[in-house]
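Input: structures, listed below.
Below, subunit A partners subunit B and then partners subunit C, in two separate complexes.
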Partner chain A sequence: MALQDVSGFQDTPIHTSLSSLSTSSSPPTRRPFPLSHGTTTLAFVFQGGVIAAADTRASCSGLVACPSAQKILPIHSHLLVTTSGSGADCMLWERILAREIRLYQLRHGRRLSITGSAKLLSHMLHPFKGTDVCVAATLCGWDVEELFYVCSDGTRLQGELFSVGSGSPYAYGVLDGEVRWSLNEEEAISLAREAVYRATHRDAYSGNCVDLFHITAQGYCRRDREDLREEYHRKRERKDAGSHATSLVLTLGVGKRRSVEREKIQRGGVKWHGVE
Partner chain B sequence: MEYLIGIQGQDFVLVAADNVAAHSIVKMKQDQDKMFKLSDKILLLCVGEAGDTVQFAEYIQKNIQLYKMRNGYELSPTAAANFTRKNLADYLRSRTPYHVNLLLAGFDETDGPGLYYMDHLSALAKAPFAAHGHGAYLTLSILDRYYRPDLTRDEAVDLLKKCIEELNHRFILNLPSFSVRLIDKDGTHDLEKLIPVGSK
Partner chain C sequence: AKMFTQVYGDNGKMKEYHYTGPVEHRFSPYSFNGGTVLAVAGEDFAIVASDTRLSEGYSIHSRDSPKCYKLTNTTVIGCSGFHGDCLTLTKIIDARLKMYKHSNNKSMTSGAIAAMLSTILYGRRFFPYYVYNIIGGLDEEGKGAVYSFDPVGSYQRDTYKAGGSASAMLQPLLDNQIGFKNMEGVQHLPLNQEKAVQLVKDVFISAAERDVYTGDALRICIVTKEGIKEETVPLRKD
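Let's look at the complex of A and B:
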């Protein structure tokens, strides 16, 4: 995790035995310099199109190299790519992908589908597998199949919800419970913003601002970059306002036992009971 | 982390694979199909390192189809298995070996059903039943105990369900669903996905 890396914490024996179950067999080669990897990007499909969101912090081991990087790059009016991994590799490979897609369009007279673009990127990255090239991109667009995840280790997956980067587990925690097909545009955008905010709150390598893009049949539209510090202060104020109200209620209820039963049926059918 | 299983009967082969595509601790996709159709009566099940699986399986798939286009007839399951093994072995001592574990299942007009087990060191063995993955450690003894060469289709599906229930019970990782297919003289049939009780 990010905090462990920053503070130089050593892996515990339990952690190493779990990681030995993973399928990677080749020993990692030593890098002469630290590469930047940290980010939170996400994208999901809903009835109103596709939402793509990302933070703007470019980190380089313990240092914030740039607080206003752009991690979502448009390729053409109906295709965006979100970048994660090594900043330099992503910048290069996205330009190469954009060039190849444009060449295809000029040669064949029609746009390459997103499925085709994902396959093209995946096959271009394949010769570099096993080297230090680190690119994890999600291609989002308006097409029959709208969302693809492509990684430099060769993974190519089609799906409806992806989050990539060091902050992605935190973003999944927020998105998995709330993303539905029937969201309207405002709800989807605020959900994406919330997921990036929560990830930047917990992950040291994500932060600063959030970029939000929305793709529809007419093309992509970009919202203004929003500083997540404002979001943090807004939430603090709301929490402080809320806690004043509950402290009043508690003083009234002093001396009485109250049991609170809270049922929240989630996807897995888990029932929660909270007893005071 | 991933799981493949194959069971050969008198005149059919039953195969199943889990549906999870994972990346370190996160399930990126829960409906991934790990079976590749090489021809009407041959399936290749492929697990292993992230990009290698799809890359290698599609390479074999396209080459099998190319053979059919060039020669006018399809490769038999035995020939396809040996072709796959040769390709895997050729890459093994190169700078870019494919780290994949495979099951190849097929039905031949003359030889009948066949199940071939292949591992990442390109060892090939024809077997009556086989499994890949950490789940194989838990389920091979069940297959040893209950397998008979004259299993009917329903009995084979029951044996498969026994194996999946054991995984659901004992395997530390949650594998929520499994794709199941059956190959016989009429081709490849999709059976209903198996979803162990208690998982979602």
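Let's look at the complex of A and C:
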């Protein structure tokens, strides 16, 4: 995490992993390279569904390894997972989660609920507690109007608003003031964008663009990725022009909304995505 | 308990050196052998380029050790970092490609190789391969594809990527010249093969000037539907 890098904290694993991934029983070898960390992701529930937003910067102790990473991964049309922590861990564990959920559906003939998926992920990560696997995921979906936060240290929480990552304190500041159940869709989307924007402005390890997903009963739909540099310029112009705006200017996003095969979803069943 | 000396204090000035006790050096199974790799994807071609210097500490082991390895007729991988792990990893990938060919009666596509490499790397999550990989090749539709990896298996598809010791110097230059980032009022022209090859040569010449681990010669592999063409260009040898 960003704070860890800045304060020079060296984490040492308490014990080596006992699973098939472990090798020797001597003290683990120290890695000579850094792994990617640092992010801002958030998700909240409102009357029109669930909004999930994240920045797109993948940083690697001071270097931006990728300015266009994707931190919100769809598992199926009604379940998204936001990733935070180490990039490789999140990518692989969510691939494993998607596989397990798909197998559950094939074996039992019904979709695993979000509560069940969260428990599954939490139990799969448990053998790696104490190692440096770092996964902090928020499962957002539709069957219950709640979010689940699952972390590799064993936390599994349900709630209606979560923000995860090094930029999360800044995002919480924006969200806690404005999130209400009665928001309409445009307001909710603007609020999510604003929260990510503020977090990327203050947190060095978050930045570049913002990804936004909106989940409803019909499935998820994804807004085009927006570069936050444009947002910064727009705000500067408005401030210079001496705006008479109200306390929190919720700018309506310029990005277009693009629904993901809505017709296919409405015909019944869940749309699965190839696990890339 | 391990003790280590901190050379710079909290205020940024160098600390007064004093003896704090013996420092335990553990055997490290890793070593850094340098090298830079670059890949660019075009409309119907892909370029994978690497320098050919193999170094360790202050010495140069070899001036002719290219870091591009041909995997299939449509895919080349560039591996830089610790040379021992590069060699083993490419051997494992070759073996897996052969197994796939024998079971499925077709060659692996670039996307499939990338997904497989991700799981191979993550399989060693707690004792990783110290290799920065970049795969360049053609996808099923014949378009250029570049997949970049971190040492533990996180990957994604890009248009261009630099990896290895001079990556932090090359990546911003590529962002500007190929991605047209941070420029205003510029026409976004698609990249053709001749311009891409010339850009790669220029970029490596710059890298050799400023990075001590990059130099000697540049090996360029150009992947098109006709096959893989290799070109060698000399670089600074100092």
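In this section, the second predicted complex is superposed on the first by the 209 of 276 C-alpha atoms of A that agree within 3 Å, B and C clash if a C-alpha of one lies under 4 Å from a C-alpha of the other, contacts with A are read in each partner's own complex, and residues count from 1 in each chain.
Assume contacts are C-beta pairs under 8 Å (C-beta built on N, C-alpha and C of every residue); 3 or more make two chains touch, one makes a residue touch a chain.
None of these values were measured; they are calculated from a predicted model.
Shared-chain residue A:88: touches subunit C; no touch with subunit B.
Touch criterion not met for A:108: it reaches neither subunit B nor subunit C. Of the two partners subunit B and subunit C, more residues of subunit A are touched by C.
By the document's definition of touching, of the two partners only subunit C reaches A:133; subunit B does not. Contacts of A:149 after superposition on the shared chain: subunit B is touched, whereas subunit C is not. Contacts of A:239 after superposition on the shared chain: neither subunit B nor subunit C is touched. 21-24 are the residues of subunit A that lie in the contact sets of both subunit B and subunit C, per the superposition on chain A. Only residues 16-17, 21-24, 28-33, 35-36, 58, 60, 63, 65-66, 69-70, 86-92, 131, 133, 276 of subunit A touch subunit C when the two sit together in their complex.
Residue ranges on subunit A touching subunit B, taken from their complex, read 21-25, 122, 126, 129-130, 149, 151, 153-157, 159, 162, 168-169, 172, 267-269. Of all the residues in subunit B, the ones that touch subunit A in their complex are 1, 21, 23-26, 28-29, 32, 48-52, 54-55, 95-96, 99, 134, 200. Those residues of subunit C that touch subunit A in the complex are listed here as 28-30, 32, 81, 111, 115, 118-119, 121-128, 130, 148, 150-156, 158, 168.
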